[in-house]
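After this come two complexes, each holding chain A, first together with chain B and then together with chain C.
The block that comes next holds the complex of A and B.
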C-alpha cells in the first residue's frame, strides 16, 4: 500500500512525455478537423493556419442532399456523397448484424459440442487474418460478376464482408463462451428450455462484452474497406471510401470539402473508441497476449 | 425420441450458416484464384474462355522488373516499419509501465489512429505532406529551411509512407507490450529489485526475456499486416513517383484493373499469399513451441 502511494507520484517528465505522445497521435486528426472547418481560400492562404473563421460550409456542401434547407453557397448539389453515406451505413450495419448472428451460433456450437479443437480454430483464424483484401480482388471480381451475378449489389459486398470477418468473430466469441458456466445452461435445460432458448436467453446475455468487441471490429472493417468495394460496387451502390478516392484524382483538390468528407467517415470509429476502448483493447490483445 | 434427434442435429444447425458463407465467400474465391493464376484471362472474357497457360504467369513474373521492384519495396517497407515500431513501442511501454494516472486515457487515444479508415489516414498525411499548404513544409519554411519534396521524390516518398505507418501502428505494439508487462509475475520483478538490479538491468535481463513470446507474436502479426497495407499508400502516392512506393498489394490491384491481366494478378496474389503463409505458419509453430516448453518446465517444477 505504501509502495502504491509513492509510485503514483511520478516526476513531471513522464507527464510531459505523455502530453507529447497525445499531441503526436491526435495532432493529424485535429488538423483534419480544423481544415474541414476552413474555406479553401483560408487553406491556401499564406498567413498563420491558426487564425481563421470556422465555417460549416464544407459540411453543407457535402451533405446538401440530405439537409432540410438549401445552403446558399451551393450552386449545384452533388448527391454522390450523401448517397454514399447512406450506402455505407446500410452495408456496415447489415454485415455487422449478420456476422454477429452467424458467428455467435458457430462459436457456441464449437465450444459446447466440442466440434473441432480450439487449436484448429485458432489456426484457421490466423490463416484468414493473413489473407489480404488485395488477394481476394481477382477471384471476388470474377465470381461475383460471372457466377453469382452479384456485382454492383449490396448482397454481393455484404457477403464478402461477412465472410471476411467471420473467422475473427467466431474466434473471439469462443473465448468468451468458454467462460460461461455450464451449470447455468444445465439449470435452464432442467427447466425445459430447448437449445435455441438456452442459446438466446441464457448464453447471449452473458457474453455481451464479447459481442460488443466483435461488433466494433466487424463494423470497422465494413465501414472502412475500400479495395473490394471499389471493384464490386457501381455508381448507385458506392460507399464513402470509394467516393473519397474518386474525388482525389483531380488536380485541383478542394481540401476543405474532402476533409469534411474524411471527418464524417472518421466520426463513427472515433465514437466507438471513446465509448468502448476497453472492449477494443481486449479484442486487439486477445490474439497475442493470451491465445 | 424426436427431441433426441433434434439435439443431435443442433451443432450442425448452429454451424451450417457460417460454414456456407465461409465456403461461398472465402474458400471458393481462394480456390478460384489458384485456378485463375494458370490462365491468360482478361476481365472481358468469361473464365471458361480463357486459355490455360500453365505456369507461364508465375515464370513471367520472375523476369518482370516491375514486379521484382514491387516485391523489394514491400520487403523493405515491412521490415523497416516493423523494426522502428517495435523499438519505439517497446521503449515507450517500458518507460510508461508504472502507476501513472491517465495511462488508460492515453491508451484510448492511442487506438484512434488504428480505428480510423486507412483511406482517411492517407488523406490526412497527404494533406500534411502537401508541397505548399502542408504543415511540414510550412513549418520548414517558417524556420527558414528548404522545403522537402515529401511525396514527389522517390527516396523521400518511401520515408514519408514509413513515417505515416509508424504513426498509425506503433500504438498497437505499445498496447500489446504494456499488457504483457503488466501480466509479468510480480514476484520475479520484486526479487530482481531486492537483488539491486537497476531499471536498465531489470528491463534488459528480466522484463524483455520474459516478454519474448508476446514480442515475437506481436512482431509476426505486425509483419503480416505490413504486407497487407494498401489504402494509405494508395491515397498518398498511388505507388509513385515511378515505382518507388508500389507495394505488392498495389501492384496486384493495378495489374487487375489497369493492365487487365487477371491471370498475372492472380499469380502475384499467390506469391503474396505464400509469403504470408510462411509467416503465419512460423508464428503458429512458435506458439506451439513456447507452449510445449512451458509445459515441460511445469512438469519439471512439479517433479522436482
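The block that comes next holds the complex of A and C.
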C-alpha cells in the first residue's frame, strides 16, 4: 500500500494497479460465468462476445441426471458431471471429517501428554507437509494399485487426502490447544470428568475456531486436488477437477458445459467456508480465566 | 464433615523437594487458611489435597481414610480456582451443573440444586449468560457456585479473590464470610494476603519454603508468633525489627541498641535467651505510642526522626529509620506529626518481642 494514497500525483498509477489486479482476479471468473450462460454458437462466434441471450441450458446439461425434469434439449443425459460433483462432495467431506477427528486427538496428545519422542513427532509432522504431492504420486500409485488394490476406490483417495492434510491440521490445532488454559481442564477434572470427557466436552468446544479453520483448509485441498485424483481414480469415482480436464478432448470441447461445471465446482467451497467461518469467533475463551 | 490429616506429606519435582514433611490436622468444619509468600508451597499443598498433584511421600487422610491416591472426583472435595476456570462455551447454569450432569443426576435434582445455590449467591438473573458477559466479581461468584453445587464435604479455594480489584476484594471477602456461616463444610483456603487470612480463617497455617512455620488461630499467630518470619508476615504494617544486645543491669534484663535501651522484665523463659546476648527486637507499629513531652518517668522510650508521614484517614503511618533499617509507627492522625520532626515514643515491655538472632525463634 502506498504511504500517502491521497497524494494526487500517485493516484492514477495506484488506481491502474488496482484495476489490473481486479481484472486479473475477477476476469477469469466473469469469463467462466458468461461462457457458462452461452450456447456453443455464441461461444464460437467472434461478434457477440458480450451480446448474447443468457441461457441455463449448459447447467441443465450438467445436472440432467439430478434434475426433477428432463431438459428438452438434452438427447442423451451424460451422468459424468453430476456423478463427479457427488464424488467430489463425498470425498472432500469424508476426508475432512476423518482428518479433523484424528488431527484434534493427535494435537491434544502432543500438547498435553508427555511421552518419549514428543518433540520429534511434533516437528516431523510439519516436515511431512513439506513433501510435494507430485513426489508422492508415483509411489502412492504403485503401492495403492499393486499392494492394496485401492486404486479407483473412495477409500484409497480419502486415505491419501487424510495423510496429506493431517500434519498441517495437527500443527494448526496444536497452537489452539496450547491456548486452552490448563485450569479449565483441571476444573473439569475436579467436576469428575474423565480424560475423554475433558477432551470432548471442554477442550473441543473451546477450540472450535481452530477446528473451523482446519476444516476450511482441509476441505479446499481435498476439493481442488487434481494430481493424485487423476492418477488414482477411475471413471466412476472421478472428482470434478479430473472430469473437467478429461472432457477437453481433441474431437469435442463443449466450453459452455465445462464452464458451467466450473461454476458449480466453485460453489460448494464457498458455502462450506461460509458455514465454517461462522465458527471462527475471536475470543472464544473470553471469560474462562482472568487474562 | 471429615477431619483432614496430613501425615509426613512431601512433594518433590525431580530432585527438588518443595514440600518438606508436613504434619497437620484440620478439624471438622474448620476454615483453614494457608498463607505465605509466593513459592512457599501453599498452592502445591492444596493441589495435592485436590488430587491435581501427586503426593511424593506421606499421606492425606480424611477421617482416617487415605485419599492421596484417589481420583479428584472420589475425594469428596470441590475447588474454586484462582483464575475462575469457567467453561467459556457454557452459560452460568451449565457451568454450575457440569459436575452434576457428568454424575448423571436427575434433571429435577440438578435444577433444584443450581437454583438454591444461585439464590444464595445472587446469581439467579445471570443463569443464562456466558462467562464472557460477566464482570470479575460475578465470575468469581459463579466459580464459587460451581463448587458449592457439588455439595462435597470439603471446599478448596486457591487464592479466589486475588484477581479482583481492591474494593471488590473487600466486598467479596465479606460475602465469603457470610456464605461460610450458611454452609456446613470444611474449607481450605490459600492466599498470600495476610489480611484475608486473619479475617476469614479459624486457623491459619503460615508456610515458608515448604515448611509450616506456625499454625493456630489468628490471635495466636498475631500475639505469639513462633518466629521472626511469622511475626513479620502477620500484621499490617509489618512488625519493626531492630538488633539489640542483652545485658544484665542491676538485676533487670536490658536490651540495648542504637539509640534505645529497653527493659524486658516481662520475659519468662530467660534460660532460652542466647548466651551471646545477640537478639532481634520486634515491635509492632501500633505498639509505639508518642510519649508526652516533659514526662521523663516512662521507661522504654525511643526517639525517632520522622522521614515520611503517610496519612491514611484516622490513622497515619510514620516512617522512620534506625541505623539504616526502616521503622514504621502507626499513630492517631490527630497528633499531626510532620516529616522532619523528632518524636519520642514509648513502648510497653510486654509489647517487645525478642527473637534469637541466629535461630530467629521467638522467646517469651
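Assorted remarks:
By our rule, the second predicted complex is superposed on the first by the 230 of 291 C-alpha atoms of A that agree within 3 Å, B and C clash if a C-alpha of one lies under 4 Å from a C-alpha of the other, contacts with A are read in each partner's own complex, and residues count from 1 in each chain.
Quick note on the criterion: a contact is a pair of C-beta atoms (placed from the backbone, for glycine too) under 8 Å apart; a residue touches a chain by one contact, two chains touch by 3 or more.
Being a predicted model, the structure only gives us computed values, none of them experimental.
Of the two partner chains placed by superposition, A:33 touches none, neither chain B nor chain C.
By the document's definition of touching, of the two partners only chain B reaches A:123; chain C does not. Once chain A of one complex is fitted onto chain A of the other, the partner contacts of A:67 are absent, as it touches neither chain B nor chain C. Set side by side, chain B and chain C differ in how many residues of chain A they touch, and the one touching more is B.
In the superposition on chain A, A:186 makes contact with chain C only, not with chain B. Using the contact criterion defined above for the overlaid structures, shared-chain residue A:258 touches chain B, although it does not reach chain C. In the overlay built on the shared chain, the residue A:77 is in contact with neither chain B nor chain C. The interface of chain A with chain B overlaps its interface with chain C at residues 284-285, 287-289. Residues of chain A that touch chain C in their complex: 181, 183-184, 186-193, 197, 201-202, 205-206, 208, 283-290.
Those residues of chain C whose C-beta lies close enough to touch chain A in the complex are 50-52, 72-73, 77-79, 81-89, 98-99, 102-103, 130-134, 136, 139, 146, 150, 163. Within the complex formed with chain B, the chain A residues making contact are 4, 7-8, 10, 14-15, 17-18, 21-22, 24-26, 28-29, 31-32, 35, 43-44, 49, 102-103, 105-106, 108-110, 112-113, 115, 122-123, 126-143, 146, 159-160, 162-164, 166-167, 170, 194-195, 199, 220, 223-224, 226-227, 231, 241, 244-245, 248, 255, 258-259, 262, 265-266, 269-270, 272-274, 277, 280-281, 284-285, 287-289, 291. Across the complex, chain B meets chain A through its residues 3, 6-7, 10-12, 14-15, 17-19, 21-22, 24-26, 28-30, 32-33, 36, 43, 46-47, 92, 95-96, 98-104, 106-120, 123-125, 127-128, 132-133, 135, 138, 167, 171-172, 175-176, 179-180, 183, 214, 217-218, 221, 224, 227-228, 230-231, 234-235, 248-250, 252-253, 256-257, 262, 265-266, 269, 272-273, 276-277, 279-280, 283-284, 287.
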